Amino acid sequence: MHTHEVIGTHPDVKGSTNDALIRCIDACYDCAQTCISCADACLAEDAVADLRQCIRLNLDCADICAATAAVATRRTGSNEELIRRMLDVCMMACSQCADECRHHAEHHEHCRICAEACAGCRDACQDALRSMAH
Amino acid sequence: MHTHEVIGTHPDVKGSTNDALIRCIDACYDCAQTCISCADACLAEDAVADLRQCIRLNLDCADICAATAAVATRRTGSNEELIRRMLDVCMMACSQCADECRHHAEHHEHCRICAEACAGCRDACQDALRSMAH
Amino acid sequence: MHTHEVIGTHPDVKGSTNDALIRCIDACYDCAQTCISCADACLAEDAVADLRQCIRLNLDCADICAATAAVATRRTGSNEELIRRMLDVCMMACSQCADECRHHAEHHEHCRICAEACAGCRDACQDALRSMAH
Amino acid sequence: MHTHEVIGTHPDVKGSTNDALIRCIDACYDCAQTCISCADACLAEDAVADLRQCIRLNLDCADICAATAAVATRRTGSNEELIRRMLDVCMMACSQCADECRHHAEHHEHCRICAEACAGCRDACQDALRSMAH
């Protein structure tokens, strides 16, 4: 990812990047991809009927992570409150998806990996939130 | 939009639809489209330099409305809290964008229309939130 | 939708709108919503294992329709070729999804409605393509 | 990114991954992020009026890359043709955006970086296309 490099050249940033927020943006894209992939892998399992809720949370989490990444990338002074709120919702989506995936982790490797990506993204959102505290 | 018709046939819904939520989904798609369009029209204005913040809020609002519409469409018992949180963030994004667009409404018709769409979406989110109160 | 009204006020459009393209934008949002809803309804069916391919095509179609709507809304002289190519891919995604949904239409009302929305979007893309012919 | 790891555990893939396609998925997310960032940095430049077309192509490219990444992640036997078409459109969006950004690269570092990310994504799409040839 070019995230750190490109944000560092933004006229309003001028090299003084918020590295916790940048790590969070990368984690959001990673989590979005992993969730879309886990949903598709769940659909291919014999036990798909047991994975309905997992697939739904995967898809919710993917959509919310993608929107969070975009809003956080477009960080501007005046909408910090909006970014904080998105980070907060994203933490919840990642937590819910990580919990659900963890239940299936023993039987499905993709759920184990997805739980890991979701937990990583939740933590990255939390760190970013702290870095933007009032 | 087929929103009401298709959601009404969901096995978990069986005709007992939440009409406030359905109106909100339609308003989110409408607002996303209007915001993308307003951003592009702002870019084409001679006064583009005065419309920077408007364009950013347009793009944030469009991304958040699209994600909210998707999550609200995938409504399932277990993630009502997540939907409520998204509706809440979406209300804020719409409010911010409506306020900013209103400042430019006198000079730019697209901003006037966009302020109207954003205010409508904010109200639809609020009604949907009330309909999903604990 | 405010699509026609807001695009009509774009400085580069000045009232001379391409109505076939505007109908196509609306159809893309409608189709995206219907596909997300159909995928979630399919997940809730007892026969979910028979609906795997339907769910995947629903999700592909929803993502492609949303991107097409955004690109078509940001129509500018210099990227007409890109819009045409997106309309073309969108037609294919809608066709594939309409065909698959039609197979399940007898047993699942949401698939019948989704096939209708997808076919409508495919036709709207085709009309828009013709309106933008070289 | 967990892309390679998670796709490798998909029941239909079972470790025999298409590595060119996986690199392409990662490149699409990287390019989407860089384009959103470049658009926002362009908006913040004094010379924003000269960067209108760059911002539009950035936004088109970001939307198309995100949709391509999702569709390519949900790769399934039956929609290979759809993936190929999306990769093809994505190549064009990346090419157009790389060309435009290159014009501004001397004056704006974010445009130089974005041109690099777009060119990388275009090449990754081309490699993926070749790997999926009939």
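For clarity, chains are labelled A, B, C and D in written order, and residue numbers in each chain start from 1.
Criterion: a contact is a pair of C-beta atoms (placed from the backbone, for glycine too) under 8 Å apart; a residue touches a chain by one contact, two chains touch by 3 or more.
Since the model is a prediction, treat every value here as computed from it, not as a measurement.
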Set of chains adjacent to chain B and to chain C: A, D
Same vs different contact residues, chain A with chain D, by half of numbers used: same
Selected pair, greater C-beta contact count between A-B and A-C: A-B
Distance from the mean Cα position of chain C to that of chain A, given in whole angstrom: 27
Length of the line joining the C-alpha centres of chain A and chain B, rounded to whole Å: 21
Multi-chain contact residues (two or more partners), chain C: 40, 44, 56, 59, 66, 70, 74, 76
Chain-level touch network, classified as line, ring, star, complete or other: complete
Residues of chain C defined as touching chain B within the complex: 1-3, 5-7, 9-12, 25-26, 29-30, 32-34, 36-38, 40-41, 44-45, 62, 66, 69-70, 73-76, 108-110, 113-114, 116-117
In the complex with chain D, residue positions of chain B that touch it: 39-40, 43-44, 48-49, 52, 55-56, 59
Chain B residues within the chain A interface of the complex: 53, 56-57, 59-60, 63-64, 66-67, 70-71, 74, 76, 78-79, 81-82, 85-86, 88-89, 92-93, 96
